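To keep things simple, chains are lettered A, B, C, D and E as they appear, and every chain counts its residues starting from 1.
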Amino acid sequence: MSIEAVCGVLTHVDGSSQVEWNDTKVLCSVTGPIEPKARQELPSQLALEVIIRPAKGVSSTREKLMEDKLRSVLTPIITLYQYPRQLCQITCQILESGESEYEFSEKELSCCINAAFLALIDAGIALKSTVSSISLVISQNNEVIVNPTGAQLLNSRSVHILALELIKEMNIVNNVLLLDSNGDFNEKELFQVLETGEKSCLALGQDLRKVIQNNVDSNIIQ
Amino acid sequence: MSDVISVIKRQSGLKYASIDNDEMENFSSDEDVPMVDIDGKSNGGKRNEAAAGEIVTPGELITEDPIWMRGHGTYFLENSTYSSAAGTISRVNRLLSVIPLKGRYTPETGDHIVGRITDVGNKRWKVDIGGKQHAVLMLGSVNLPGGILRRKSESDELQMRTFLKEGDVLNAEVQSLFQDGSASLHTRSLKYGKLRDGLLIQVPSSLVVRSKNHTHNLPGNVTVLLGVNGFIWLRKTSKMDVARETPSAGPASDISEGPTGAKSLNPTNSVSITRLEEESSWKIYSDKNDPSITPSIRQNISRYANVIKALAFCEIGLTHERIVIGYEASIAYSNIGELIEREVMESIGDDVINIEKMRGNGATE
Amino acid sequence: MAKEIITPVAESKFILDALKENQRLDGRSFDKFRDVDISFGKEYGDATVTLGKTKVQCRVSCSITQPYEDRPFEGLFIISTEMSPMAGPQFENGSNTGDDEVLCSRIIEKAIRRSGALDVEGLCIVAGSKCWAIRADVHVLDCDGGIIDASCLAVICALLHFRKPDVSILGEQVTVHPINEREPVALGILHIPICVTFSFFNPQDVEENIKGAGNNEIAIIDATLKEESLRDGVLTVTLNKNREVVQVSKAGGLPMDALSLMDCCHKAYDITERITDQILALIKEDSQKRNKFAQILSSENAR
Amino acid sequence: MTENSIVNIAPLSFPADIISKISPELSLQRYLSTSIRPNLRSFEEFRDVHIEKDKISHYAQSLGSSGNVTDPNNEILGCNVLKSGETVIVTSITGGVVEDMETVSEFEESILEISNEDDDTKRKTISHYASVFPSVLIESGRNKHFPSDEEIVIAQKLHSNILHSGLISKQALKVSCGVRSVDVDGSISIVYPDESDTENKDLFSNISNKKKWSYVLYAKIAVFGRNGPVFDLCWNSLIYALRSTKLPRVFVDERASDLKMTVRTRGKSLTVREAYEVLSDPYRFLPLNISSSDISYASNFGIINLDPEAQLITETEGENMDITEPSSVLLADIDTEIEEKNVRSTISIISNGKGDFKSFTVVGGNVKITSDIIKSAIKLSKERSLDLSKKEV
Amino acid sequence: MSRFEIYSPEGLRLDGRRWNEVRRFECSINTHAHAADGSSYLEQGNNKIITLVKGPKEPSLRSQANSLKATMDVSVNITRFSKFERSAISHKNERRVLEIQTALLRTFEKNIMLHLYPRTQISIQVHILQQDGGMFASLINGITLALIDAGIAMYDYVSGISIGLFDTTPLLDVNTLEENAMSTVTLGVIGKSEKLSLLSVEDKIPLDRLESVLAIGIAGAHRLRDLMDEELRKHAHKRVIKASTK
């Protein structure tokens, strides 16, 4: 089932987007570039404050790890040097996790990456290139499933999240921004995941472009 | 509002039997005055004008006569004037104001005050004078070593701490007031400057009676500096003080020697510009106390301090005569420490009032 | 970084003058509550309330824990209201020690938890050793004023919408039946508290308000963010349908005549009735929709 | 400066350590161009790892001496000290016993039984596996009371990787509870279900179906002398510690097993079964059986582009080929501040040396990740894991 | 504990008072002249409260100074021995205490003429030595007295009162036993007017009863205002006599 995304949902932030994919729903807001607090300020580049809040309960160490991964994905694609001594606040609120939180966070993280990307564009922050992210699973009978459901995650052999940097109208993969695989797998399966992942990331990239397209259309009155 | 349920006034005081459950409060025998009839006389302000000197409390209607100009401590709605503080009413030719019983010192221009430096900042010192805000002492309005005529230079700014630093006590005069009522001080006369060889006590500023001169030499070789802001400095009488009291032979120009401890090098009283330079030498900002203070002088200083505290306790206005009378009355108590006992303080207070009445000179209002 | 909302003087004067002429920026009358739009998520216990531009989501989750020693017969019920910069630049992440945040969470606490809206005794599984712990997390997604009203609505709707797994007990042994095995059980909701917030403005000067008999202070219902930042006083009344005042909180602010406060309470009651009916209708409609194709939901082992 | 004098700008030259301070990037490139690294290791050379025999754990002392345990309140169940370069990691495992709250319905329990009868080599679903609860403390001299982001991220990564690696199954942590009975002549004997004969089977059955307990493992990981990313060192140290971990036997007093007590609160009466006082036996223990096939070791790599201008002008003529693709180089085992600061893209692999992986993390950063970089990283990680698995615990 | 009657049919409460009787109300001002500008000690029933007002003074942190009006802060210290049993944890930043502090601050912010003291700070500290119900109301009275003692300009008294509702009869000025047994309302009334600066209802009350409870409360509050006023005038009178002999 394809991704449903919409931009510009919130009013008191610079950019926002809501992404729903296969019963995982994430709302992301971007505020920036704004004045940072003294301790956050970086002399030469934009400081990123990444906040992820879970669907249930209060944010804990699990969300801190997801924030660290999201930050490592976003840092290379934003032109940080263009906003010295400024701050950009990226807040992702997970509305529906779509997976059992104790063991997994892959589906939520891939949705957060896509939502953050759309929100950054909605906020008009300069990006070097684009990103699209998907989660994959190798099931018990060793076949690679893209964008699994919560149940498929539970009885899988290994879980993977992949974020690729796309350039040239999101048709060409420039680099692997993040690949995080856990569970039992070998080299062959790893490359198989990379291959399948690449194809579906490109497909997702085109969907994201369409979302951005009609967001721009709706904003600019012809 | 449905009619306020008026509640019956209970005549006799109720003795509350202490309820067996001990944590219930058991009333002392005094009469517990429960609800008073709402529309009874005691509640609304008296319709007629509140007389001068009469006590008012916040929210009370003072007058409905629009001719009065409303001063401090009052607020008004159309032509009725209300009091905004608890205190006494003062009507001075059509200016109506309420003087609060207690309040912090409000600086007036020309006040002789004692203060403590709290902050050294860009070309100014912040001085705590016990008021609503700290006063400001500009670098420009201070005597600098090397005489009055020296121009202020950059290096002075850097050396500000060598003149006056945090914690120093000084006496000064209020030069002007800012828009929000805070004071700007100056010490451009030898009378003012850093104080040493003594002890600082604080009393409510309303107790210090304003007079022409606030520096008095007291018997027992002690000098008192009554700051109008309630900060009082007691110290050993210096040569300066002696020179001040005895009418000086020389042309007593307006530059009277200040008790800033600046030693006059030649005892002759001829005042000359050169002498001024010597006087305002580095000594006036030295922090060293005079080593030759004898224990007896120290005792006198602390006795005076306790006397002043006693007078303040009895809320008696502080004047030169009363302090001396109080000192003499306190001789009866050999142990100075005893002076701060409640009974002793009250007896000193009474003695001062009685002796003063006997002497008939009364308070120099 | 929490940056105060500073409305320029010209704008604040304009709003005040408009109020003096009985006008509000968004054209609403003084007593008009913004229309409430409530939507439920896929999983049980997920309600999102939209009040004009204000958007608040509440998620209810459950787990099994040990009851408190001094209350062996009662389950646990926790409400957490944490703000995030998503709601607006004036909020810091996870901060709930600011004056307004404390007041907001305390009012919701009094309105729902202390007032016994949720029957905590029904949460007890084995007295003294095992009970349900219900947790309601309020996420403020967008803040355009009226957070307290929207959050209280969101929590109540989420509680009504929530179903916990069925539990069977034999002796000490407790077995939890996953949702696809046995129909989940609803929570016991004893009454439905609805919060209504009034904002007060003083058109004349202060003396008139204190001493004057005029009583012409302005009271508006459900202020937007701009009106909130300019108001002189605030009153939050919580009522339920059976004419009970659940809580009232006027924490200082512009002194108001007792009569006009009573008048506010009566206006609030009419709004309460209307919204309660709206909620109950929506809940019934949602449960019908669910039973038609009770699709298999992921099992509810919350953290 | 007079107009006509030509200012000859002599090239400034600084000693190496000053360059590393002024522009660490340049100094790193200079090192790399001479194919050695600032820490004087070759590109693909790992720091050697040295581990101490487990001396301080509760059981280590008893095994050493005559078998009876010297210090009963030493709660450490397993421990490991790992030295690698300047960094020392001390991991200590402690444990606790907790009652199973989330009891699973018979329906799900039956699935559990069926699945673990058949071959347990096939990987089971994740709900069969448990994990350790680590807390990481990187000693930095300041006494701070709340963990920094880095410590939280490492601890959470360790927790989720152990869970996903299937190292510890929930069965391994199940408690088979013994009963302490006082015989008629006052002698205390503790009997355990799996050891005792069948006659007091019923005694155990009524306890086992009443309450179920399981062990919980906590790991305290202290890092001294941090000199670069430490996740892989922490993982390896934790694995060694787990391999040496033993679980104390747990028993319950006999008379406590069926005592009931009524409690009256607030007008309601309530019968509370005597809470079982679960005690741990200081002498008897069981080794923690972690599945040996799932033991795996971690290694980390960094990738950096070689900046052509910064190359020292070397004689080899190959130097003047046109630079189309900035050649990137794989560095194994990042350490020292210069490398950590300048290497943006990292690979972290946890593998068991036989070609299977447990975790594989690639952070792209600004360097192009090609498949042969990944292949060479995999090859190196296999060798690394092999020699780490040979170390004696 | 045996169920004893909170309110007997004859109309007597636990401590023997009638429904409309206020507890013993004794207050004195200028009790800590050296420690603060304004101070008061209040005993309302078994509530014992010390209030200290420092200011208008130089703000401690430069950042707090507001150039238009004084800034205020309120800190309430509930001592651990104030209740019948000693409380295990200190109440310092309990949310309930934070809420009371905010409410008190916002009540007096509107009553004090802050614009007369720009760039200054007024800090109010309240120490609750003993509490026996209606604590919130006693805090209001304590602060009003201390502010007046400090000579700070304010528009009018703010008198606080608590009223319980025992199914239909309102009981004025409740103590702990009554507070635990029924819903209570706390009012902060401005001087002799019927304007409420503070209104707090913590438990359920029927809407139709609220009006009569407010009416009783306001009458009670006026009563307390008169008691405070009486004490103030006595104290002022003493000082004026002493001062006139200067």
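One rule holds for everything that comes next: contacts are C-beta pairs under 8 Å (C-beta built on N, C-alpha and C of every residue); 3 or more make two chains touch, one makes a residue touch a chain.
Being a predicted model, the structure only gives us computed values, none of them experimental.
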Identity of the most central chain, Cα criterion: C
Which of B-C and A-C has more C-beta pairs touching across its chains: A-C
From chain E, the most remote chain by mean C-alpha position: D
Whole-Å gap separating chain C and chain D, where each centre is the average of the chain's CA atoms: 44
Rounded Å distance between chain A and chain C, as computed from the means of their C-alpha atoms: 31
Inter-centroid spacing, chain E versus chain D (mean Cα positions, whole Å): 58
Inter-centroid spacing, chain D versus chain A (mean Cα positions, whole Å): 28
Junction residues of chain B - those touching two or more other chains: 1, 59, 75, 82
Junction residues of chain E - those touching two or more other chains: 155-156, 190-191, 194, 211, 215, 218
Interface hub residues of chain A, defined as touching at least two other chains: none
In the complex with chain E, residue positions of chain C that touch it: 97, 99, 102-103, 105-106, 109-110, 114-115, 206-207, 209-211, 232-233, 235, 239, 243-259, 261-262, 265-266, 269
In the complex, chain A residues that touch chain C: 10-13, 16, 23, 25, 27, 29, 31, 34-37, 40, 49, 51, 53-59, 87, 89, 91, 93, 95-96, 98-102, 150-151
Touching residues on chain A, where the partner in the complex is chain D: 61-62, 64-65, 68, 72-73, 75-76, 103, 105, 140, 154-159, 163, 165, 174-187, 190-191, 194
Residue ranges of chain E touching chain B (in the complex, touch as defined): 14-18, 20-24, 30, 37-38, 45-46, 56-58, 84, 113, 117-120, 132, 148-157, 172, 175-177, 190-192, 194, 211-212, 215-216, 218-220, 222-223, 226-227, 229, 232-233, 236-237, 239-240, 242-243, 245-246
Residue ranges of chain E in contact with chain C within the complex: 93, 95-96, 98-99, 102-111, 155-156, 185, 188, 190-191, 193-208, 210-211, 214-215, 218
